Amino acid sequence: MARIGVFICHCGENIGGTVDCEKVARTVAGYDGVAYSIDYKYMCSDPGQSLIKQAIKEKELTGVVVAACSPRMHEPTFRRACSEAGLNPYLCEMANLREHCSWVHEKSDATTEKAIDLVRMLVEKVKKNHALQTIKVPVTKTALVIGGGIAGIQASLDIANAGHQVVLIDREPSIGGHMSQLSETFPTLDCSQCILTPRMVEVAQHPNITLYTYAELESIEGFIGNFKARIRKKAKSIDEKLCTGCGMCITKCPNKKIPGEFNEGLGTRTAIYVPFPQAVPNKPVIDRLNCTYYTKGKCRVCEKFCPTQAIRFDQEDEIIEIPVGAVVLATGFTVKDTGFFPEYGYGKYRDVITGLQFERLASASGPTFGEIRRPSDGKIPQKIVFVACAGSRDPAKGIPYCSKICCMYTAKHAMLYQHKVHDGESYVFYMDIRAAGKMYEEFVRRAIEEDGVNYIRGRVSRIYEKNGKLIVKGADTLLNAMPVEIEADMVVLATAGVANEGSEELAQKLHVSYDEYGFFSEAHPKLKPVETNTAGIFLTGACQAPKDIPETVSQASAAAAKVAGLFSKDELSREPLIAVVNRSAPPLYSTCVGCFMCATACPYQAIEHEEIRDRKGQLIKTVARVNPGLCQGCGTCVAFCRSKSIDMEGYSHEQMYAEVMALLND
Amino acid sequence: MDELRNKARELLESGAVQMVIGYEQGTGNKTRAVFVEDPVQVPRLIFDSRCVQNLAVYMTKAEVRKKGKPALVASVPVLRSLIQLAYENQIHDESLVVLGVSPDLKLIEFSNLSEIENYLKQYTLEISIRDKEILQKLENMSADERWQYWTTVLEPCFKCYACRAACPLCYCTQCTVEDNRPQWVPVASHPLGNFEWHIMRAMHMAGRCTDCEACANACPIGIPLNLLTKKIVMDMGKSFGDNGPSLTARNPMSTFRPDDKENFIN
Amino acid sequence: MALGFYPGCSLKGSSREYNESVLALARAFDIQLTEINDWNCCGATAAHNLNKDLSFALPARILALAEKQGLSEVLVPCAACYSRLATTLHELKKEDGLRTRISEVIGLELKASITLINVIQLIEKYVLPALDGRVVKPFNHKVACYYGCLLVRPHGILNFDREEEPQTMDAVMAKIGASPIDWAFKTECCGAGLSVSRTSTVSRLSGKIITDAVDRGAEAIIVACPMCHSNLDMRRKSINEFTGSPSSIPVLYITQALGMALGIERKELGIQRHFVKVEI
Amino acid sequence: MAEFEPKIVAFVCNWCTYAGADLTGTSRIKYATNVRIVRFPCTGRIDYMLLLKAFGEGADGIIVSGCHPNDCHYTSGNFHARRRWIVFRSLMDFMGIDVRRVHFSWVSAAEGAKWADVVNHAVANIRDLGPYDSYKKLAQNTEREISHG
């Protein structure tokens, strides 16, 4: 026989002023199964709580209903109170007499009647409650970080420094990402590589970090705390243990004319190569698509000259499987190339380049050693035009969103140009200047006022080549759309930042959602900015949306903090309010008939196949099982299951049924 | 006919199957299911237009299963049910041998279920014009008239569950009507209980029903309860483009499209 | 092959040679063109700036008449007419309310079921497939294909070719032996909107077009729009005065160029009507 | 004779509509007292059988409400629910159940005012329709089930 205690809170005047709490208490006391019923001024106050605790002990209550404010407010409070008094917290329910009753109705009998109904509902529900234990899931304290740009580097270091293991993978031969390509960084103009490379080295040397470059995620399964990741280590064609990184092979490689990715095609590299001098690891890989041996079947010059015989032409891709507890997505972004813009010549003009290419020109480690020389003939451009919002904020032809970083780096580019080419003329076409950030606006003003960059508010309608000049046609909207035509030597398009090729596939592998542009979606735009909708998978940096370095770094640290939090315990405990597939005695074992049509209803892939076998290992039947680690407790499967074989703790069939019945039978 | 019998005999003699499930002459002009385990019994097998019972129902019955691998005489409606059962993990290629019978009573042999699926592509599931008209007639009534109609039609139902027993897709080991925690549907056959049972049955058929009409044929007092499932089959097609069983993708009730159309949610 | 035909005012007046060459081409590939009875002005280009309903009503009447005549596909050679008709058709299809209202205004039933094609589409669809072995005088000249503003815009409505860098004319010309040049003014404005009111502007804008074409070695400019043609051809004198570098580069309708390649009589194509002598 | 006061049961999801109703409270927006809220984790959990039960037990009207499409706390529970409602509502209507008495809505956690509107609108509308006698009649002389207690 149930012994329910009901505790009605006046919440001062908040409830008491509108609802006749004594009457509620009196009426409820009469319901069968109610062993104790009392009203009190403030149930959440210490005396209020001890009132409950006391009653639990003295009246040997089997369930508690606190009729007060919204459970979204104080459910944890009262459940804690109950467990302190030795009652399983999940035997405590709340009736919402404040938000749903006293605050929304006038003082009247009807209001009190409603209050009584609400309490009765919960009394009937709590009779069907049963003790639940929080779910404990073991945690593998290793984080997989995908992507070795500044985001991945920062996240890895933070997690590693918190004392946890990190596996960092990058599909390129070296970590560093886009930041390693940048010349100077806004708004301080400090050299990008100078601040980045020490971090890269730190990653390589950190005892808690295992680094796999030239590696990609093959597949992943499992759930928070218990993922199993399969990683493809692409064949580098060298024995990393033997290779000393002396670089002999690179100097000897006859195949020297390959456009280099690191220099955005403005420089060349060999077939066996390290992307850039400060690469980490600083050991070469063979680009098999361009290597003469792999394409034509002969050469092997590098092998001949390698002092340590480290070349391995027969090396094959290796798949390794590692258990991880959390994943951090830091795969970054890319920029649209100039070929995207018909009106700017479909990429056919060599001196129309992207911002990223300009970074390489301006970088001391770049193909021009930091001198601004145009690709076509290596001349120093006397007149240069920067086009902001190339593709961004252009629903008609490009991307509707703002790429966020272009305003700043365009100002930086113009500034760098003016610093390097003193007699040069620079123009910036812009829509608006979005320089929200510490020292950002000042930075842009400096470009305009001190370095004399000409800012023109208007868009560029066309760029075409005419006797060696690039004719840039636009309008100055501040001079009532007066047509502007500039004969430039070089044009830099601040092309839109977009999601990486294949980001969708990766998202699908990981079951994280992504937006229409292919950027990964955070779990909540405001309150869960680094979580994904899949527990245990976090994201950081430009794979979520274009963002600059400071923002990326802080987001990376945020993601790392989440991971460290997750790893701070050996087990993670979760609310046990999840779905369960029933089990019963043989020969039935479960009323589940294993049609598995529920599987597609689950947003979390939590429905698994469980094979029930006899002692001889003979398969008796296959039924559904809900993985408690994955289930988030939405209950969609519960309402879908025809045979009612799935039920949900805390919102069970019996509980919901009882509530509805209680409500109407009087 | 002969080719069916010959095939049946061959299967039994070769031991490829332990039993052939087909039709035989019943009392009066009726046909009934027959379970032939001994080759000499093969002549009992018949097939003609009267053979409408959906034999796929036996595929999920334990007492049939334990007799070993059966061969099943299957006309188009039965084939549909088999595909749906396969999609719901109740049968697989090895579960049975299918003796298909085309609408013009020719024997069609299938070596696996996907062959059946392909064969069915020419018979996509759609409600007949005649049925559509009947449904239309009901839809044209006022809500009250419909209420009257159904309460009167369902009133005599005494919950014998013949409809459930005859339906190949009602194979749950414990039906919700037997679930008493809570007692979702009253045991007794009174108006409310009848109503709830039939709504629930129809809902459970949503996105699964193959419109074989076994339920209605089985009803001893001729309640046109397949009108409910026909209505659902039609809605499924209209609302979610569902067009019948498939081995890989037929689950309209536990999948969705973000742009599903509806006009009643404010 | 039978098509509806809406010539519009230009083809009956200032650009008769366009009309003649279109008809000549049609004859050559036995395409019957049925002119829409009692057709009226399409409203280009003034109406849509003045009165929205009027700007829809005028083309709508043309469409309605075509429907009444049982025409399903209608050829509209004039780029301006094409733009107006296509825009109207687009709006009518989009908005039933508008369709019924306009149909009341014009007092005609209006289904908006017509398919419209411009001259280039005509060529792609009905001429090129039958072209093999028909070219007797390959048009082996460097040509600048000039699309102007109306032929490819607004892309959202016409969705024909690439709005910034159209290619179809170039492709057609290449097919008859010409070598289209890569130039920058394919879709620049020739000033048509001001060809009467502000001729100096026309000279400036058209001047740039011609200069670029000439500088890049073009021997002829190929067009598919009466406005473009009259500006580049008829106004050449004032253009030359404006640019100060007189040019005699001829301006041909694509239909004329095709006709010449097919060996059709120059007279039949109305070539002699041009202000700038065609000496190729 | 006093005006008819309909009994209305509201099946709502915890994350949007329930929270929205909380907001109605915190913003002290007043609405009719006829509605009793039953809290579910998600619209995906709402069992259509419970709607029938509510009518069977004498409810005059029902409100079903949850997160707007794409706002589901569980990403897709409401999408599944929507499909269920499309089919179930059509079936109810086909069987002559008065679907005007079932009010579906999306109410987000920020739409406190909307919740008040939803309730008031439903109450007014169902008050006009009067008590759901036809269904009550059906339910009469139905013995109470054992499992209520």
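Each chain carries a letter (A, B, C and D) given by its place in the written order, and its residues are counted from 1.
Definition applied: a residue touches a chain if its C-beta (ideal position, glycine included) is under 8 Å from a C-beta of that chain, and two chains touch if they have at least 3 such contacts.
Since the structure is predicted, the reported quantities are computational estimates derived from the model, not experimental observations.
J.: Taking contacts as defined above, which has more of them, A-C or A-D?
T.: Higher contact count goes to A-D.
J.: Please find which chain has its CA centre nearest to the centre of all protein CA atoms in view.
T.: A
J.: So what's the Cα centroid distance for chain C and chain D, whole Å?
T.: 62
J.: Taking the mean of the C-alpha atoms as each chain's centre, how many Å separate chain A from chain C?
T.: Computed value for the inter-centroid distance: 52 Å.
J.: Centroid of chain A to centroid of chain D, CA atoms only: how many Å?
T.: Distance between chain centres, rounded to whole Å: 36 Å.
J.: Quick one: report the Å distance separating chain B from chain C, using the average Cα coordinate of each chain.
T.: Spacing between the chain centres: roughly 63 Å.
J.: Two or more other chains in contact with one residue: find those residues in chain A.
T.: As it turns out, chain A has residues touching two or more other chains at 601, 636, 640, 653-654, 657-658.
J.: Which parts of chain C, given as residue numbers and ranges, touch two or more other chains?
T.: none
J.: What are the residue numbers in chain D that touch two or more other chains?
T.: Residue numbers touching two or more other chains: 48, 53, 76, 80, 84, 147.
J.: What chain-chain pairs meet the touch criterion?
T.: By the stated definition, chains touch in these pairs: A-B, A-C, A-D, B-D.
J.: Would you tell me which residues of chain A are touching chain D in their complex?
T.: Touch residues, chain A against chain D: 32, 70-73, 96, 98-100, 103-106, 108, 110-111, 113-114, 117-118, 121, 513, 533, 577, 601, 603-604, 632-636, 638-640, 648, 650-651, 653-654, 656-661, 663-665.
J.: Can you list the chain A residues touching chain B in their complex?
T.: 588, 591, 593-601, 622, 636-637, 640, 642-645, 653-654, 657-658
J.: Show which residues of chain A lie in contact with chain C when the two form their complex.
T.: The contact residues of chain A facing chain C are 342-343, 346, 348, 396, 462, 464-467, 471.
J.: So in the complex, the part of chain D that touches chain B is made up of which residues?
T.: Residues 48-49, 52-53, 56, 69-70, 76, 79-80, 82-99, 103-106, 118, 134, 138-139, 141-143, 145-147.
J.: Give the list of chain B residues in touch with chain A in this complex.
T.: Answer in residue numbers: 88-90, 171-176, 179, 181-182, 184, 204, 251, 253-255.
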